[in-house]
Structures are given as C-alpha cells and as structure tokens.
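Both complexes below contain chain A, partnered by chain B and then by chain C.
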Partner chain A sequence: MRILAIIRQVLDAEESVYVDNRTVDLKGRKLVMDTMDEYGVEEALRIRERGAEAEIVVVGIGPARFEEALRSALSMGADRAIHVETDQEVDPIALSGVVAAIARKEEAQMIFCGGQQADWDSQALGAAVAEHLDWPALTWTRKLELKGTTLAGQRDAEDGVESFEVDLPAVVTTQQDLNEPRYPTLPNIMKAKRKEIRRETLESFGVALKVRSHGVEAQNRERLREVIDGRDAAAAASQLVAMLREKAGVMA
Partner chain B sequence: MILVVVAHADGRVGRSTFGLIAAARQIGRSGPVTALVLGSGVAGVATEIAPYVDQVLVADREELAQYDPQVWAAAVAQIAHEGEADTILLTASRSGRESSARVAVKLDAALLEDVVSVVDRQGALVAERYSCLARVTERIEALSPVVVVSVKPGIFAAAEPTGAEPGEQYDVELAVPPARVRVTGKVRYATDRIALADADVVVSGGRGVGDAAGFERLVVGLADQLGAAVGATRAVVDAGWRPYSEQVGQTGKTVQPKVYIAVGISGAVQHLSGMNKSRLIVAINKDSEAPIFRVCDFGIVGNVESVVPAMIEQIAAARLSRAGS
Partner chain C sequence: MSTATVSHSSRKVSGGAFLVEDLLPGEIFTPEDLSDEQKQMAEITADFADKHVLGNIQEIEAKNFDLSRKLMRDLGELGLLSVDVPEAYGGMELGHVTSAMLTDKIAVSGSFSVTFSAHVGIGMLPLIWYGSPEQKQKYLPKLASGEWIAAYALSEASAGSDAMNIHTRAALSPDGKHYVLNGEKMWISNAGMAGLFTIFAKVDGEKFTAFLVEAGTPGLTVGPEEHKLGIRGSSTCPLALVDCLVPVENVLGEIGKGHHIAFNVLDVGRYKLAASAVGGARTVLRDGIRYGRDRIAFGKPVTSFGLIQEKIADTAADVYAGEAAVYRTVGAIDAAMPEGEKSPQQIQRAIEEFAVECSILKFWGSEMLERAVDKMFQIFGGYGFVEEFPVERAYRDSRINKIFEGTNEINRLITTGWMVKRAMQGRLALLPAIKKVMDEVMAGPSLQAPPSGALGAERSLVRNAKKLGLFCSGAASQRFGTELSEQQEVVGMLADMLAEIMVSESALLRAEKSAEQMPMGVRLAKYFIANSFRRMVMLAEKLVAAVAEGDTLRTQMAIVRRLAKHEPVNTVALGREITATMVAAGRYTVEEVRG
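The block that comes next holds the complex of A and B.
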C-alpha cells in the first residue's frame, strides 16, 4: 500500500505576523512544517509500525523553501518525497487537482493532510482531493485503526464524536491530539539526507488557478490592555464587575 | 440564480442560514435567491425558510436523513448545475466547509472559503477572509463564473422576511449516491446552555482552573451568573474536563461575542484565533507575562481561585439587591 502525506511549510505559530507590501513577511522568520500536517505524517508512520506494509510518500507543493519541511518529514521516517515547485500562490481547489493527479500516478490508497492550513486557514484541501478521486474523506479524526483495508476510528463532528468505518481508499484529515509527533533522531536525520526528493514543475500538471489573492492587511485592533493587580481579590473583582457594567452593558 | 443551502437541525432552520440569505441579497448578483433544503422530513424547514427567499427547492429523501458530505455535495452540485446557479452559498461550519470544497470541485468552480464579506465587481466575486490563524485579513477574487462561497457564521445580520408572498416550493429529483462512510456510533453533546456562537457573553476556562471540578465551580459558575455561554481551551478538552463542542480556537469554534472572559487561559495563538474578534476581552491569570494580557482590554493578574469566587459573589449580591429594590 502507498500512503501520501501532504504537507505545507508555514510560519511557526510562536512567530508574530508582520505585513509588508500586502504580504506576510517571512524573511528571517522561523518556518516549520504545518503542525496539522505533521500529525498526518506521524499517523502514517504509526500505521506502518502497527504492521501495515506501506510506502510513505510526502508531498509538498510550494516554493523552494518547502524542501526543509519535506526533509523534516523524511527525518521522521517517510520514505521519499515529491516536491512540486512553484512560487505561485495556488488556491486549495486548484491545489487539490495536483494532489489528486499525484495520488493517481502513485496509486495511493490513503492520503493524509492537516485539518486546517495555518497559512490560509483553509479546511478545503482534504475534502477537495477526495472529491477529485471520488473517495470518502474522514475529517478531523481523533483516533484511527487500520484493520486490513478497513479504516475505523473516531472523528469530531459538529455536534458530537462520531465512530466510523470505511473501506480504503480514503482521505484522512488530522488535528492536534490524534497523536504526539516524534522528534527525528540523529541517525534518521542523517539517513533522510540520502532519501529521494523528486522535483516536478507545477506547469506539468496544467492547473488553472481558481482564486487570486489581492494581498493581506494586518489586523491592528487596539486593545485597552488595562491590567490590574489581583492580590486583593475582592477589590479587583469589583473593578472588573463595574467595568463590565459600564463598558459592556453586562448586568446593566 | 443564487443558491443558498439551508442548514437545519431538529426540524428548525439554523440561525446562520438567515445570515447567508442576507449575504446573498448584498452580493449584487441578479437572479432569484433560492433556498435549497436537503434532508428527510424537512417540510417544516422549507415552510419556515420560504418567507425569506424568492423560491425554495426541496429534496426530502430518506437517504438524506444522515448528513454525509459526499452525498450532500453531490446533491447540491446537481441542483446548482441543473438550476444554472452562478453563486452557491453555504455556512462555513465545519461540515459546511467540507461539503463546499466538494461542491466546488464538482462544479469546477472557485471556492471563497469562510468569508466575512463578498460582493460582485464587474462580474467577478471579490471577498475578504481571515488567514494566518486569523491574524490578517486577505482579499481574494474568484476567477471562475460559477463560485461556491462559504460564509463565516455570525458576521452577516440575519435577513428579514421579504414581505412578499412566501417563496414557491418545488420538489427536486435527485440521484443520491450511496454513503461510503459507515457511522457506527455517535456521542452527542447535549447542552441546554446558550450556544457559543450566539452568545453575547462567553466565559472560557483554561488549565489554570485546576481540574474539572474547578472548571464547573469557577467557569460554569460565573457563566451562570452572567447568562453566558461556556468555552474551553484545547488543553481542557484534551484533559477530558469539558466536551469538544465547547472548544474555542483554531481547531474548535470561532466566537465574537461582546465580552469574552478568559479564566486561567495562557493565550496561545491557536486559542486566540478563535476569539480575537471579540469586542471586549477580559483575562484573569496569575502570570503577568501570559500572552493573553497582550490582547486583552481588561486584565487581572491574580489567582482564579480567589478572584472568580469574589466576582460570582458580587454579581449575585447585585442581582439580589436589584430584585429586592
């Protein structure tokens, strides 16, 4: 079986966001594999470690810098990588066509990707890839178990936790708490340097963009930041209660 | 035609749908605003939505009793295609965002996802949305004539009835594909509290409340006094103190109440992305360096164990004295 894990490289969540010339400035900032995607790489590895025979291929579609994130996934234990290199901002729907084409060529049985991208705040990719392939998608999974070619598990639905079963092939989207991604060990980091990263051009996929970005604006919402000492709890509480009444009309 | 996919639960139209209809009317595209009601036993839903729209399409089928994104997307796409809809609007709930991505692929359409504004400019739809963990506002333009739009709940004020005759109802024929995902069980979150998305005041608790009992006493206790909804951080949900339905943040719900009170919450960026549009943010935390203080309007550096009970006591006393006067 072949498993694809789709990853992106994004600004580390701990980094602040600066906007320059209507784009988020990434120069000199810490960039990492999108954590949401990392859970997918980890889960693919765990499925294999629990006994499934699988080749794990990580796929990244983005600029040259994505190679670093692909290397991280290889250091975690993925077997090889495919890097579709482009400096264009490809919207998730257009992107899903590229992923689906790769999945077909690679005869993938499972595709992992993060539940929501930390750069676009998009949840579309997994479902869109599944639609291209006419596959089911299990989104926001919190527990997974592969029995033969049946995938069972639990996912967060809007109104509760759902238990499910599905026959492969399927797309799975991942989130925090599905697992605890491993740190690459030194031997694995060294081994990863010798693993293949196959480069392809976006042009070879003939994608038509569906959405164009006109750039971003910082959200400069000024907060009052009136912070008081709460050692005298009763006094602090009464200031807060008064503030809620006056400024917010609560309990007016 | 502008197709509005009606979200409903327990036989009632979901609140966010009225916002969708408002968005449809403000978009500036011609053609009737058409509600699409999918489900089983949904005659009441169709009748409820009819006064707000120009026409209603109803697919009342037993196979649609269970929500399945693949099945629903197939239905929406088929009806959009046959009805020559150029704009398809869905609620950007989790399930709405999942099926809207599928509808966009099926129709070879652009997807404008989780938008906070959307308008037609010389034939092209232009929208604004939040990105980068809701820290920037991005402006995007659809490059295809047919566009699928998922609209962030709680942004557009609810539409009023048109005042004309209720929209005419039509039954539609559907080729419903079988569901592939077998749902083998479901634990529903039941609550009689006000929904997070609808509340003017939200009281949220983090790990700083100590344990599940502390959460109940401090966070739920304060929320009860204020008639507020209850929210939680991921850490609290992962610890099993509270259900996932109460989680606020990147992987939980997005809220924008008038007042958001963060009790024992550090203010991780993933949490902030779900509440940083609140009008007024209040934080109580014992660590003056906690990041939550950088985004709050009013903060108390103190122990939640002493500050929150004092608040509860004072609010209760104020209510009593008002009731007595």
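The block that comes next holds the complex of A and C.
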C-alpha cells in the first residue's frame, strides 16, 4: 500500500506576521511544517507501525523553501518525498488537481492532509482531492484504525463524534485530537539525508490557477493592556462586566 | 566520527594562536557552517526545551525529579544523550560542535541545563574517554538512554578550586577484589537522581584515581538536597563514603592518573558551560524583548526608549560574539581530533590544546550571561523581582556559573598562566610577537590605512587589541618576571584582555565569513568590537599603572594611547538599528527581519 501525506510550510505560530506591500514578509522568520499536516504524517507512520505494509510518500507543492518541511517529514520516518516546485500561490482547488494526479501516478490508496491550513484557514483541499479522484473523504478525524483494506475511525461532527468505516482508497483530513506528532530522532535525521526528494514542476501538471491573489492585509488586534486586580472577586467581576460592555461592546 | 554531518571548515590551529596570529574568516567554524542536519537537530532540541522544559518549569523548579528523569529519558529516546557516545556502543559520535550546539539549545532553564550537562558532559565523558570496553558495554547504553543519570564527584568541603587536595581515600581490600572508599564529597550535581557516580579518591592517600560507583553500593550515602539560591530544580547533594566497596574492575583509567580525567573533562565542561550561557542569554533576551514590546510606559512600548534599546543591543551583540567564540573553539577541537578510533591520549591532546580557549569561554561566558540577565531584568522593572516572571529565575540561576567548573578567578589564572607556560615551552610564539610590537611602538607612529571591506576598521581594531595585549604582557613580565603569577590582579587583567581579543576576533571572523549574506552579523560584530576595544583600552591603562611608574609609566601610557588611537564607531546609532531588528523579530536574530 502507498500512503501520501500532503504537507505545507507555514510561519511558526510564535512568530509575528508582518505585511508589507500587500504580501506577508517571511524574510528571516521561522517557518515550520503546518502542524495540521504533521498529524497526517504522524498517523501514516503509526498505521505502518501497527503492522500495515505501507510506503509513505510526503508531497509538498510550493516554493524551494518547502524542502525543509519535506526533510522534517522524512526525518520523522516517511520514505520519500515529492516536491512540486512553484513560487506561485496555488489555491486549494488547483492544488487538489495536482495532488490527484500524483495519487493516480503513485497508485496511492490513502491520502492524508491537514483539516485546515494554519495560515489561510482553508479546509477545502482534502474534500477537493476526494472529489477529483471520486474517493470518499473523511474529514477532521480524531481516531483511525486500519483493518486490512478497511479504515475505521471517528471524526468530529458539528456537535459530537461520528464513527465510520470505509474501504480504501480514501482521503483523510487530520486535526489536533488525532495524535501527538513525534520528534525526529537524531539517527533518523541522519538517515533522512539519503532519502529521495523527487522534484517536479507545477507546469508539468498543466494546472490552471483558479484564484489570483491581489494581496493581503493584516488585521491588527491591539491589546488594551488592562489588568484586573483579582483580590476582590466581586469588584473584579463588575469591572470585567463594565469593560465588556463599554470597551468591548459585546454586552448590551 | 560520522563526518557526514560535521563539516570541518576550521583549519588546524593551535591553542592560544588567536593572540599571535591573524586568522582568515575561512579558517574558523561558525554557527553559519552548521549542516542542515545539525540545524534540524538544533530545532528539535530548542522545540523540546520550549515545550517540555519551559512547559513544565514549575514542576522542575519544585524538584520533581521523576519529571526531570522522564525528560532525560525522552531526550535519550531522541538520541540527544548519545551525541558523544562512540558508534561501537550504539552512539552517534557527532563531535564537539554538535554536542555544544545541543547544550546551547537545551539551555532555556538553568536547572535543567545543569541536569543535562552534568549527565552528558562531566557525567558521561570520563567513561566514554577512559572506560574499558567492559565498563562501556555495561554502563553506556543505560546512560545514553537516560535510564540512568550520571554524576561527577570531585569537589570536597575543603577541596574546590584546589581539586588535587581531595581527602577521600581508597585502599585495596585484603582479598584484592575491592577498593574501599572513605571520605566526603560536596556539591555533587545530579547526586539525588544519579545511577552512576564517577568518584575521585586517592589510592593509599596519594594516587589520584577515578572510580565508577553505582548508586546503592553499600557504604555510599547520598546526603540531603542543598537549598540553593538558583538552579533549584537541579539536584545538588553531598556524598558520604563509609567503607564503600567498589569492585576493582570499576577503577576508571589508570591508578594515579585520575587527574588527567578530572581536568580534561573540566575543559569540556568549561566550553559547555559557555555554550549553555549563550543559550541562556539568548533565552533571556527573547523574554526581555517580548516583555518590553508589550509593556507600555508614558504611552509607548518601553522598547522604544534608548536606554532600553541599548540593553537589547548590548545583549544581542554579546550573544553573537559568544556564539562565534564557542563554535570557533569547538570547531577547532573537532578539527584537531584524529579520525576514527581515538585513544584517551589523543582525545586528551586535542582538548588540552585548547585549554586556554576553554577557560576564557568559561569566565567570559558566565559573566556575559550575568550581564544579559541583569540588563533584561531591568526591562521587566518591578515585575522582574516577582517569581511569576522568568527573569527572576534566570537572575538567580546565572550566579552559580561564575563558581562551578572552576571559579572565574581560577580560570583567569589558568588563562594567563597557560599562555606564559606555552611561551616558555616554545610552543607559542609569544615572545617574538611581544618583541615585534615593542620594536614597532619604539619606531614611532606609522601611517597605515585600515584594511578595506565592511569590517576593515574592525579588523584593524582587533589587530590593535592584540598589540595592546602583547604590549601589556611584555610590560607586566618586564616588571615582575617569573614573579608575575604572584600578582593576581595583573594576571587577571591580562586574562580579561585575552578574552576581549579572543571573543572580538571570533566575532570579526564570523561576520567576515558571512558578510554578504548576513549584514546583521556585520552590525553585531561592529557593535561588539567597538565596545570591546573600549574595555581593552581601560584594561591597558589599569595594567600599565600597576606595573610602571614615573618616566616608564609616561612612556608606556603614550604607547597605549598610540595603540588605542582609532576613529570611534557611533554605537548609539548602531545599537538602535540592531534593536529595531531584534524587536521586529521578537527574539535574537542574525537575519534581516522587519516588522
């Protein structure tokens, strides 16, 4: 069996966002693998560790710097990587066409991707890939177990949890309740160096971009820097209510 | 050694050469030379430190040793305790650069840093270097996995800096199967959680020897935890040895040669202490910047005030120069290490070669950290004095660094003494270099244009700092001759000058090496070197005043002034520029970050 794990590279959550000339300035900032995608890499590894025979291929579609994120996934234990290099901002629907083409070529049976992008918040990729391939999509999963070619598990629904079973192939999207990703071990970091990263160009997939980004701006949420003294609980509560009413305007 | 990860860009230089030779940037190892794999290891370690060490800091500080032990096992699982362990024993053997880098990155908490360093450094290295195959087979896997914690027991109540003066005795048992140890040890890091102790004792009261002693050995008692000012989450206890029976096969190395083990390990302990001081300073700088950015006074973030900006710039430049000096030294040690299987003597030679750099790093690094925590403390104002804020802990934790691994006083004496000894042995061309400077200054001023390039003026400053150092060494030895070592204040000033030279030169070479890709490094080096040179001139004046009088004093002061002559850098403007970048990044950075 072959499992694809789709990953992206994003700004580390600790870093501040600086927008200049309507683009996010990433220069000198710390970039990491999108944690939402990392859960997928981790789950693929766990499925294999629980006994499934699987080759795990990580796929990144983005600029040259994505290679660091691909290396991280290889250090965690993925077998090889495919890097579709492009400096263009590819919208999730266009992206899904590329992922589907790779899945067909690689004859994958399972595709993992993050339930939501850490930076632009889109949740579309998983479902769109499933649509392309005409595969079932299990989104926002919290528990997974592979029995032969059947995947059982649970996913978060609006107000509860849904248990499911599905025959592969399938697309699975991941979230923080699924697992805790491992750190790469030092020996695995050394091994990852020799693992293959296959480079392809976006053009070779003949994908037309559907959305053209015209720039971004940052919402500045200024802190009010007000501290409520909690020694007198009653006074603190009424002060808080007053602030919510007058300053925040969230109470009538 | 897995040379795959370790790129040796440092040429084979000899210890102490920084004073008498001018190196080219390509000849030293810098943090920018770390391989992608090393950077990945650094990332993981830093991430682990933030999430699991700082994330549990209250528990750690409350001496929850079960938690500390668990964190150590987690590190063991990741391979982070095996970096110095030979491959034959399941380790990674990645060299001193990697090892120092991990020590640097884990150093977000003084307490856990000490637990970690006492284990992988002074705890494990004696066994790795001097252990027999059987000893290594028996103990290394347990220590590399973190299942057992290691401790190093040298100090005693009356033998700290004068470590050779230990009173713990060992005598062979009548049946020849055991050594019977009697005595007391003090200030033993990790003692309360250790599974294996390296204990130093004198066989028959004279032969200095190391023993591997397992916890639980009859006659070994671990005393109560000390109540300490800082590093409260680390374990520090006395040991009592009362007829403690240690099997003869647990003698480490040779009988009577334990001092080699003790001192070599201390050299590594010293550079590692500096590596963790750099890591600690980087952490406290981040805390200070983030607090200062959010803290409003007079309607503005306090980071917009010049006196706060100056503290941030000072600390950032210190961290940059500290990184440069540490990685340069460990790079040189790695380059001096022979490939493949190494005998204890070969390891000893490679490390001993850089004993003076290790001592400089120790006292300079610990004092740099102290400056950093003090300056950042000031940004926190009154809140810094309260336990909820990280700088309160950092301030208490930093103090011990000036004491353990050889007090800063001892390390200053070692620094100057080592240079003098090397010169006397003819292994360091110190005397010709002094003579050259003397001739030059006697010949009168020469008009030499500073070297070109972004750091041309700094290259010339570092060169003049060396001349000042050489001139002062000459002046001091002229005055005191072989009695110099009795003049501890003068010896100390010379050590401080040597430190300024070594660290400045490291910053210079690092910045030169990456000048094109990293303009921030150029700014940081310029800032550091400008201030270092000011300190250098003050030291020279103080020294000359202590060694000369009358006409000689006047002549020597004239020489100092001539060597000190330069066009000063506007460090106020430069400091504001540096701080703007650090504040934009929200942490220490060598990149161009806007925000």
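Everything below uses one rule, namely that the second predicted complex is superposed on the first by the 235 of 252 C-alpha atoms of A that agree within 3 Å, B and C clash if a C-alpha of one lies under 4 Å from a C-alpha of the other, contacts with A are read in each partner's own complex, and residues count from 1 in each chain.
The working rule: contacts are C-beta pairs under 8 Å (C-beta built on N, C-alpha and C of every residue); 3 or more make two chains touch, one makes a residue touch a chain.
All values reported here derive from a predicted model rather than from experimental measurement.
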Partner chain in contact with A:Thr185 - chain B first, chain C second, else both or neither: second
Partner contacting more residues of chain A (chain B vs chain C): B
Contacts of A:Met251 with chain B and chain C, given as first, second, both or neither: first
Partner chain(s) touched by A:Asp229 [first = chain B, second = chain C, both, neither]: first
Partner chain(s) touched by A:Pro92 [first = chain B, second = chain C, both, neither]: first
Which superposed partner A:Ala237 touches (first chain B, second chain C, both, neither): first
Touching partner for A:Trp120 - first (chain B), second (chain C), both, neither: first
Chain A positions touched by chain B in one structure and by chain C in the second: 14, 223, 225
Chain A residues touching chain B - in the complex, by the definition given at the top: 11, 13-14, 17, 19, 24, 91-93, 96, 115-116, 118-128, 130-132, 135-140, 152, 156-167, 175-177, 208-219, 221, 223-231, 233-234, 236-238, 240-241, 243-244, 247-251
Chain A contact footprint on chain C (complex, rising order): 2, 4-5, 36-37, 40-41, 44, 47-48, 77-80, 82-83, 92, 94, 294, 296, 584-586, 589, 591-595
Residues of chain A defined as touching chain C within the complex: 14-16, 18, 20, 25, 27-29, 68, 71-72, 75, 183-187, 189-190, 192-193, 223, 225
Of all residues in chain B, those that touch chain A in their complex: 9, 69-70, 73, 93-95, 97-102, 104-106, 109-114, 126, 129-144, 180-189, 201, 226, 234, 238, 244-245, 250-251, 258-259, 268-270, 273, 276, 279-282, 284, 288, 293-303, 306-311, 313-315, 318-319
